[in-house]
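Dropping the structures in below, format is structure tokens.
Note that chain A is present in both complexes that follow, paired respectively with chain B and with chain C.
Then we have the complex of A and B:
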């Protein structure tokens, strides 16, 4: 007796959101099945990989990252180099140094960097802030204005600053908006409702549902994504059908397993390998849970996850 | 499919004798249907009825027990596809591959690796639970020698053998350790079934595709063997993922009992030698339905994120993960270092301890019993209060063990400062930060 698969194809689907312009333009989302369930139905758009580039430089990074960007002195040069990374689909520029408690790089300087990056590469661009709500809102507004027509994504609009960020980037300057919530399906939905009520079309919104490194409360990420995808697909909840973009590297490279030196933890072995594995395992878990795009830092992680996506698709 | 109350009622004596403790047979049947009481509570049920009913009321996915002694493990028994629907029950386990084609030096190196990675994380032992022994068709003696060597490593075993004679010889040596005999397929299952049942071990079943696997399992069940595990490894990564998902889904959603067994996913057949890819796939199969994941090896770099991920996924959503209360000296803290207190919720512990570590300041990190809740929840539930902290100080004899008299409390419970000062005279109570991320700056700026 042959075994027959009962395909679980849903009538609803995840929104398709396009990022960037020209040849390198990408589309994320659009699927009507659970992550990688190609035996139920083909996946509309394969998950995409972004390369994180911090404006704070690579001095504190592991050797493999330093080596990759060797000879690059500016963010724009690193962006140009990152665009050549095998498996990279888009670039995520992070204004880490804009933190008022840190170097406090000015909004004008951030805009200058953003413009240089946009000139140096034709890859789709995502911009991440410094986690300071007021400063991020100013940066996102100014960058969204300066790069009009480039179809960028700003990560992210939060409950505290969505009015500024979503109204400027999403409405005034026609860019894409990432709605960031803290691993909770209700908060995610509420923020999507608020942002769309401002007038931003839901086709211009993606979700950052929050992330966690493997072992650091990842169960909340997994269950939030499982529930969001279930609500979007089986209950046709339009306020949860935005594709999910997950910044992985910012979480995984700051946990003990990736940070501890080899002198402190001799039995753990190479710090670089630990960091890559933490990034790879977390990214693979995010994709299996439903992320439509992940943001990574190490070239080897990008290569591995790109291969994983191709093999599973 | 669980039986309905009415179906069970039809099989009761219908005498309302009340001996089961319920007023009527109908009430009894309803409770059995909900799983509230076992069928055996009724003294008048015939053995045949009980057998018939327990078959029908049993969960679709069986629990399979493998290994013996310290290396005994339970696999399967899941009732839901996603942890938020209820909870996942038996965590997936990992195996390192050895082969009769390897020379002694290689085997010793791999066994040393297995022994090396063995540590504890939040009360759970993290190590590679299985050795998966491949037979390279190079002579029964070689394989038996490999089995003997593997038995010294104190791990549960998987025998990947499709030749019945070789399986028999290997089981002579190791059957008391209750290994998994992973070797039945469409052409040899009758003989392999005999070997496995005689030795009393779990039989692993393979198929060229899911239909063939289904047919072989059906035949084995008809022959009376329900002590099985399904090797769902396919020709490609894509096929293997499809197999793992479809087997589990058809069992739990369509009540396909033929596929109601745990699974083996052998990554060494899908991407041999590619350690990073194995990390990525092990992550995917931890979330999606691999019960035993076989890898070339398990280094610390792989173990740290994979075991952490598994611990996360297999926690019961209704029970928060807790760390043991006590004093955790950090950054080389001695009795002269200040104290910093927080709750026993594992996530709080990890986030706060990570930031304290980043500060590089010696701190005696105190974890108090707060029922596994986060700071604000514990405070609201009355599980983190001045009295609970005072009690914790007394029980752990903090004042006797630590000379420094500064205690930093979480910024979110600043309101407790006065009360704690009253309960702990002689201590300088300092209100810490609201968020963990502010801790390094706070500790660097302060002077205790």
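Then we have the complex of A and C:
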């Protein structure tokens, strides 16, 4: 019997969201098929890769990362360097040092760094916080204001601070807003409802559905993303049609497989290889589950995932 | 499963306000009722222009354009005995948000409306009746077969036919209600989609009873597979029941604000 291809093309599609301005501007989302189902229909925008740059420096990073940024002394210099990384589509600046329980870098200093980065590079910019809800809301508001017109994305607005973050970044300053939920599909939808009810256009919203390193509950991430994409495409659920941006590196570089030194775990082999492996397998799984963009740290991971995307597309 | 489809019934020439608006082609009352229904969560709007023997073509085209231009190509059910008016309505209809619905065909002298829907790539509501109410489910299913065959002969996808088992008024036909529900189950088991004029069941009941009765009936009918209904979307209790049922059936993903969307 001859094989008859029946393309599974949906009438619904994921929203297209643009980040950045000028020649380096990128678009994520826009597809009306399941992740990498290019045999059903072409994918409008291939998944994109962001490079995570922490304002805390690279002292604690593995050798490959240190070597890549050698000679760079500021966040802006590292951003400029990261823009040259093969496979990088955007930069994700993380204000790790702003944590009130850590260095407690001031909001003003974060804004200063953000401005320097925006001057140093024309790559699309994403800003990540320090995970302290109050401080993050202040930083995102101030940075969104300072970089008006740059079409940045702030990661993220959460249940606790979405009113402040979405109203400032999304409404007042015309930036893109990430709606963050921690592997909770009902909350993911609810946040999108609440943010759009504030008046933020759904085309200005992306979802950070949360992630986990492979082996650390990743199966919940996969089933969450599967269900989100199924609702968005097969049930035409407008409150789940926002593209998905997943910070991978912040998860994978903080598990023991990536942290333990070779002195402590000689039988595990090179720490750097382990760390890159964890980052690559988690990112690949996220992309296969539906992430429209992943954020990674190691140059080798960025290159590997970039190759994977191109070959699967 | 796809979400339940509500077809708003409130643009109907039996209402004096709407009849007057249609006679004088006055947009305001029609737009007002359309907006109320869309805001309340209607998917489709039914446009009933009555028999409209003399001016049906012109009136239907006016109504279709008026509603779609003002409400982002809201999908419509074109409801009249005047076949030419339905065809004319489809000619100016924008399909961006869904195919037009021909309301309606039956196994009697309106069977040609199936041909009309097939020729125009439209959805058709197919009443499982010939003349009057079917006596039992054997009769219902026989009409269903006739309608289905007619559609398939003309190249229709069975999923483009919405079979209407005929909801019956409880006051007077209380003993027939479980038959209707059983018919919905049988049609669903055949892989067919279903619809019906839900508010028939509570016809003649006091105003405060009707939402309660309609809600109970829609929940039972949805349990048996009912895929759409012609309803008054401004009935809040009914819409809350439908939305809740869509959640329970996993047709729609739960969020705390699900009643607001």
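The criterion applied here is as follows: the second predicted complex is superposed on the first by the 313 of 313 C-alpha atoms of A that agree within 3 Å, B and C clash if a C-alpha of one lies under 4 Å from a C-alpha of the other, contacts with A are read in each partner's own complex, and residues count from 1 in each chain.
Following the convention adopted for this analysis, a residue touches a chain if its C-beta (ideal position, glycine included) is under 8 Å from a C-beta of that chain, and two chains touch if they have at least 3 such contacts.
None of the values given here were measured: they were computed from a predicted structure.
Because the two structures share chain A, they can be overlaid on it, and in that overlay chain B and chain C fit beside each other without clashing.
Once the two complexes are overlaid on the shared chain, A:231 sits against chain C while remaining clear of chain B. Once the two structures are superposed, chain B and chain C can be ranked by residues of chain A touched, with B on top. When the shared chain is aligned, no partner comes close enough to touch A:91: not chain B, not chain C.
When both complexes are overlaid on chain A, the residue A:239 reaches chain C alone and has no touch with chain B. When both complexes are overlaid on chain A, the residue A:293 reaches neither chain B nor chain C. Residue contacts after overlaying the shared chain place A:2 against chain B, while chain C stays out of touching range.
Within the superposed three-chain model, A:39 lies in touch with chain B and out of touch with chain C [touch as defined at top]. Once the two complexes are laid on top of each other via chain A, the angle at chain A between chain B and chain C, using C-alpha centres, comes to 80°, given in steps of 10.
Touch criterion met: A:193 reaches chain C, while chain B stays clear of it.
Of the two partner chains, chain B is the only one that A:308 touches; chain C does not reach it. Once you line the two complexes up on chain A, you'll see the smallest CA to CA distance from chain B to chain C is 10 Å. Within chain A, the residues touching chain B in one complex and chain C in the other are 227. Chain contact summary for the complex, chain B toward chain A: residues 82-84, 116, 121, 210-211, 213-215, 218, 236-238, 241-242, 245-246, 249-250, 253-254, 259, 276-277, 279-284, 286-288, 299-302, 304-309, 311-313, 315, 317, 346-347, 350-351, 354, 357-358, 441. Those residues of chain A that touch chain B in the shared complex are 1-3, 5-6, 8, 36-39, 101, 213-219, 222-223, 226-227, 230, 252, 254-257, 259, 267-270, 273-274, 276-278, 280-285, 287-289, 300-301, 303-305, 307-308, 311-313. Within the complex formed with chain C, the chain A residues making contact are 185-187, 189-190, 193-194, 197, 227, 231, 235-237, 239-240. Within the complex formed with chain A, the residues of chain C that make contact are 2-3, 251-257, 260-261.
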